[in-house]
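Presented sequentially are two complexes of subunit A, the first with subunit B as partner and the second with subunit C.
And then the complex of A and B:
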């Protein structure tokens, strides 16, 4: 059963981000191109995701980047901050983060690999076909 | 600044409200006057026309018209009076007073029922008895619209009738000595009403005689007696003007004319009955008739004034209002300027001097606004000057620690960084080693501005310090140590969230290269033109306490003539106007195409490529081009 979370979606020209709930998981989807100006919106969005995931006791947060063409380093900085928040959570209440990446988008592989180091054991990367 | 709108508040608003009030009042008054004009105008129009007709008639008379047809005169007078709604609405008594006549309505138009004032002047008779001649006279005149004189016994009655509704209106009065006496003064004549053979009424008085006696001098009586009637229906009459013998004459059918003073209207009433062949000379005071005519005239003038005055007031108010509107707008705009809103612009149609005044006002406010803006800008510059100076110092520090062109034996190196912010977040450094090789680091602090620049300085300082004392460390060890103090500085001391992408490369004299750290891919263009793309591994620095488990040093080798390109994402992610990224493939292709050129020339060509693709880069751009010249070249150097 899928239900909407209390997380306002981001709808900017060229970029969208929204969250849905999937049983014991939260699913995030990023689409388009995350430019510099998106970073100011992405920080509160991810912080809200973190809070909601903890409140709902989610076991996993899936981040679908398959349809994300570009992400500015400032936006990556928001992901780093989010993972640092996750790392500070201890015990049962923590959740795993699973990135779904597109093999055809070259930057995603190297950047996600670097990103995964900030929460080792909690972050996995999974390649998905865009179709 | 928003343009000044027409006045609508404060003084201007009150004025506008007052003007609207006046306008509405004026329109109400004008409407009322129009209503009066429409309802009463048609009735008054008849009065006006008759009055003007009478006045024109009088003018003709004054200019020498000797004959005055009594019937016409009376008809005109009667028309004027009877059409006058005031007369119509009045009781008999006011009409009587106005006309100096008795008044009797005669119903049914036939004279069967009629009224008249009795001899005592106190009661009305309405049974037709006692005045048969009068009734007969009306019967004779039935259907006519004329005046008459009739006799009633020994009384002589002057009467005039006119159809009125289903009956007739009769104006009448006895013609007696008093009557003639009244008109004698006006005519300056002695008046005699003469019946054949004897006088009926005369204004002449016997010396010492009674006032009631009808008396004529003997010679005059003989003269009148000799006249005789002209025919069976016409009696004779005589007007004897004392001292003016030439005015003596006769009146009646075919008789001649007698000039009379122009200020007296002369009416001759023709005889009505054969057995009373009297003649009467009837003088109507000019003032009586004129007053009636002028009454209509002045009534119309008053009505016109009632309509025109509000209309003129309203028109004047509109004209003044149109003229004042720009002035009020300027007044309001001036108040706004006084409150500090300097850029007020008045946009209002005006002509002449007002237009010039508005133009001058707008020019003044523009000047004030520009002056104010210049002053604010000057103050702002003065305020930020110290900060800008410090920023400039910081930028110089950052620039100065970037490596100057350094000669590394066996290598040709050319690098450049172009920051988009005052302080860039990009980092690169070239540090020769004692064995003839060198360290090269390249990285990027996530973000821009002062904080990024400071972090970049930390990276540069930390790496420099480490390599100065421990040039033997492996690249991943250097990065691990740098990460430790970066994480402490950034997370624990600055409480910030920056991180650094950084690759550190150790170039050995023999072309061997050790590399560690996650940054952008490294491009190698071999001497034979082959392109290779090396991925960097590991993780970013400054975000977590220990990155040791994730770092490893990889090795590759350069041959003589091989080109190596290091860059930051500001080059590969530079967007064009369509937001398309330049990409590493285009840069690598350009590197391959320019491979034979000196390193500096290649570097400049790559910068030109970036700037042509994105004339306004959104991120710092760093490019480092290195060519390995080979061991032989190094030894020779």
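And then the complex of A and C:
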């Protein structure tokens, strides 16, 4: 991964999402509360993440949800659409998705479990404490 | 039981709502009548979480109720054919268990009522709720609008049973769950 990462951040009242590049990975961080108002922005953001991860040959995309208070079903659906794109990528160009979740934010456990069942083999979940 | 003053202060200026809360014995009730306003939804979700978090020890259950409250309210705002909606969140003792229900009512368009009825029927008949959820996720992945994921999420992630009634254009959806009595 030598090129620059080209994923514009989302900065809305109550919600932020941004991407950074790490070695052979892309790291995303979601902060605040992802609700109906940001759903329309999150779809293109994640589609861009997918394109960039493939372009840069990333082996992993890490999604840090530790500081995400809530995610509604419209935004959850955007994650589903993204993982569905990933399911369609065959072979070595594919990448893994690792969600970092907070044990204190209880909805995350059930939502991430559902996502890991939806894209088995691609999704892992790691519990992290908010720092 | 009084509501925290922050509830009204946090509500958007254009939001119109009336709320009541009461405790009778081991029954806790929170009712809200509101005009559809999407910005009211997270405020009510946080309030329900705080309100029931104070009286109920099980944070897991409180989180499930908050999730159901959010998704049902958002549904009532998005699919509202009129200008009103009613929410009731109740926690009460039934045969040594706590029965928790989140009920929402609003007027809706006939096409949306049909869609809702079909979804809840299919959900009720599905032998495995998780498989049904995964199927819904697969179907919705390419849809731009609407998904039914919110209600399925309440069923699977919130572990709540869903039912509905229809009277004319008024639709009422109820999410219920029970858990061991552990009121603080």
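In this text, the second predicted complex is superposed on the first by the 127 of 131 C-alpha atoms of A that agree within 3 Å, B and C clash if a C-alpha of one lies under 4 Å from a C-alpha of the other, contacts with A are read in each partner's own complex, and residues count from 1 in each chain.
Basically, a contact is a pair of C-beta atoms (placed from the backbone, for glycine too) under 8 Å apart; a residue touches a chain by one contact, two chains touch by 3 or more.
Keep in mind the model is a prediction, meaning the values are calculated, not measured.
In the superposition on chain A, A:18 makes contact with neither subunit B nor subunit C.
Once the two complexes are overlaid on the shared chain, A:70 sits against subunit B and subunit C alike. Shared-chain residue A:37: touches subunit C; no touch with subunit B. By the document's definition of touching, both partners, subunit B and subunit C, reach A:118.
In the superposed pair of complexes, A:80 makes contact with subunit B and with subunit C alike.
Touching of subunit A by both subunit B and subunit C, each in its own complex, is seen for residues 14, 33, 36, 70, 72-74, 76-77, 80-81, 84, 110, 114, 117-118. Note for the complex: subunit A touches subunit B at residues 14, 33, 36, 70, 72-74, 76-77, 80-81, 84, 87, 110, 113-115, 117-118, 120.
Every residue of subunit A that touches subunit C in the complex is listed here, in rising order: 14, 33, 35-37, 70, 72-74, 76-77, 80-81, 83-84, 106-107, 110-111, 114, 117-118. On the subunit B side of its complex with subunit A, the touching residues are 444, 446-447, 497-499, 501, 518, 521, 535-540, 543-544, 547, 549-550, 569, 573, 579, 581, 618-619. The residues of subunit C lying in touch with subunit A in their complex are 38, 41-42, 45, 59-60, 63-64, 66-67, 70-71, 74, 78, 130, 133-134, 137-138, 140-142, 147, 149-150, 153, 156-158.
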